[in-house]
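In what comes next, chain A is part of two complexes: it sits with chain B in the first one and with chain C in the second one.
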Partner chain A sequence: MSAAPLLHPAELLRAPAQAVRRRCEPAQQAASARRDLLTIALGGLLFGAAVGSFRGGVQVPIAALKIPLATLLTLAVSAPGFAGFAGAFGRRWSFRETLSIALGAGARASLVLLALAPVLWLAIDLGVGHQGVRWLATVAYALAGLSALGLLLHAVGASRGRLATTLSFVGLFLIVGAQSAWLLRPFIGDPHDANVPLFAHGRREGGLVGSLLDFGADERESGSGY
Partner chain B sequence: MSTQALVALYVAVGILLGGLVYLRTPERGWSRAINAVATVGLWPLWAPFALAPCPLAGTFSARITRALLQARPGSGLPASASVFSQAEAVEILQRVESSERRLADIDALLSARGHAHDAASVEAPRAGPAKSLGEISLSSLVQLKAARVREHSGLEELAELCELLQMQHVLSRGDCSDRAEALRDQLWARAQALSELREID
Partner chain C sequence: MSQASLFDPPTPDVGSVAAAISEASPPRPWQLVAALAFSAAFGLALGARFGALSMAVHAAAVPLGFVVLTLLAVPAFCIGMAHAGVELDVGALTRSVAQALMIAGRVLAGLAPAMLLLAVTCESAESVAVFGVLGLGLGSALGLRALFLGLESLESWTRPTARLLRVTFTLFSALLGARIWWALLPMFGGAS
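And now, the complex of A and B:
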């Protein structure tokens, strides 16, 4: 059996520069992308299961499926934008190269989520409340995001346009990610709901931005949330 | 557009691309089917890689793959004893790819160690343990450079032999050439020597 799949997480976490080089090498992009997709699926699956364990029962597999889905949806929607921004700010990356780097960053973030899943699970098991779980999940996502940012900074390099490229990537990912998560909520499950719906009920057109602009109108109408 | 229509459109594009991937994947069996199914679900992220033009390989791998594929049956050229079997061709390519990976690793090490050595050499002269560490570092650098030369020349010779074999194969249409046979044996020995280089190192 090849050791490459086992070395993949170690390289992503401990040698980001080498991970970036591998993703820029056309001969290795397909294998890296395959492993990155598997890592995103596995990391998200376990973190989602931990999040869903707050309500337990059927919410465990539902949240386990929704978390990787939200990450993959975000990457799929953002990738063409990433390629556009990379070109605009002087990075001569092919679309495959850009996508490969984005998947690598997503996989690195998912590894962090995977590492934090037992912590969240333990906290829930110790009786942390709904608000506490939301905060813990948010902190886990922030740490995962920082980890992904580390890989992105290696890929962007030190040449001109570094800040603009990084900010545009992060901005686009945050906007699309927030909208994807908003569409797929609830993940934890509102404690006021007797049965957690598959998707938030009473959703309206306009998505996250529309909801934020309309925040004062009637918060309860826009769904169960979280 | 409604959510249902959007999902239907996504799946339709996925099925189309999955079919293309299935038809274009050279391998047979489960991996081909898994590749196609993964494309249906994840086409925005996976199709660019699954449908990438072949061969996706480094310079030497690309040269050798091109030569071996053209020298194989099914290429319009006559079948002869000088042609490698599918398994042999795959083995040669695997050896070439791992040799190229070693070359890339050596390059990365040389680049990192070279910078460190340059920085150290401009510092004040050292004595004692620091000096002996510097000597070890320098000798490692020299060994790495020698290993790089060996690996690179091994790959270069193999690529040239493959291209020669291809040429001989074209020249010997309808006839089994002794020269092609000798080249084939030499090429096989060189390919095996690529892995032996690592063992010597």
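And now, the complex of A and C:
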């Protein structure tokens, strides 16, 4: 049996510098992007299925579809901003390179989510409560984000503006990612809901910034349970 | 050698930006128009929450803010430079201002899809305004950074008085920019 399918994740995880070089090579960008998209879809599907297993039933495939969708929506919306920041901080990246590197970082994060999916599933199986699952999923995302950051740091390089470039990328990704996830919620579902809705549209929970700054606290209804 | 275009990726090392700007040809009018059009994309996204008319108003107001800011702040900056004992190279200043507008426009255009997502999906208009301020602030700050990098090649730019000028000008342009967009953008309670 050929080991070729394993080379892509192995390179992303063990040789990030080489992975970045490959994504800056125009001839290899299309193939890398295909594999990255596949990895994002697979990692997100399995992690989403684990998240959805808290409620079980139809929530498993729904959450499995929503997680990769949220990741891809975030990357698609953030990529032009990444390109703008890269240019402003003196990185000579074309838009294709920027997109390719962003996909690579997303794929690396998805591999970590793939690895953490059984951990989350086991915790749910052992009876961890709703709040605990939310925390575990958040920690899993934080670890996945750190892994993606590792690849990003290789791409950004050591020249002047490294910290500012990285911080701007991370800031934009966090804001867009949080809003995309907020838009597609619920993933876990509120334990008080008899049936988890497909989307939490119509529920006023204050939004991302509203939750942080406490805008419109009086108008809020019951939560979506994220 | 082909002319540098707005769409070309910038130079590889930020440290060499100053040299690159000083060697560059004078900015073409279309490059400035394109830079302002790029920033208009951010305005379009910012106004998307309130319909087509609001999009058009915000799309006009964001680049207009840059034009007004440039017209009001750059002469003041020149006077400050002269007082601080920094040589006044009009060519370098023009190129640096153009580069600053291009960088700001490109960053804002890049942030436009994210702004659109936030404008359309945020629950409260206050949240959209917060993100709008953040985006405009970030674009302007990176533009200002490009302006200062472009002037690094000037002699006496590293003097303490020049450093003081940079700090003062940064504060002044931040306040002025905030006031201009406050007056121009309906999102922040300005003219509609």
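Note that in this section the second predicted complex is superposed on the first by the 203 of 226 C-alpha atoms of A that agree within 3 Å, B and C clash if a C-alpha of one lies under 4 Å from a C-alpha of the other, contacts with A are read in each partner's own complex, and residues count from 1 in each chain.
To be clear about the criterion, a residue touches a chain if its C-beta (ideal position, glycine included) is under 8 Å from a C-beta of that chain, and two chains touch if they have at least 3 such contacts.
Just so it is clear, the structure is predicted and the values come from calculations on it, not from any experiment.
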item	value
Which of chain B and chain C A:197 touches, first, second, both or neither	neither
Touched partner set for A:132, first chain B, second chain C, both or neither	neither
Which of chain B and chain C A:18 touches, first, second, both or neither	first
First, second, both or neither for A:72, with chain B first and chain C second	first
Larger contact residue set on chain A - chain B or chain C	C
Partner chain in contact with A:37 - chain B first, chain C second, else both or neither	first
Contacts of A:150 with chain B and chain C, given as first, second, both or neither	neither
Touched partner set for A:90, first chain B, second chain C, both or neither	second
Chain B/chain C common contact set on chain A	76-77
Chain A residues touching chain C - in the complex, by the definition given at the top	76-78, 80-94, 159-161, 168, 172, 175-176, 179-180, 182-183, 204-210, 213, 215-216
Sites on chain C touched by chain A in the complex	9-17, 103, 106-114, 117-118, 121-124, 126-127, 130-131, 138, 142, 145-146
Residues of chain A touching chain B in the complex	18, 21, 25-27, 29-30, 33-34, 37, 72, 75-77, 79, 95-96, 99-100, 103
Chain B to chain A touching residues, read off their complex	38, 42, 44-46, 48-50, 52, 55-58, 61, 97, 100, 104, 108
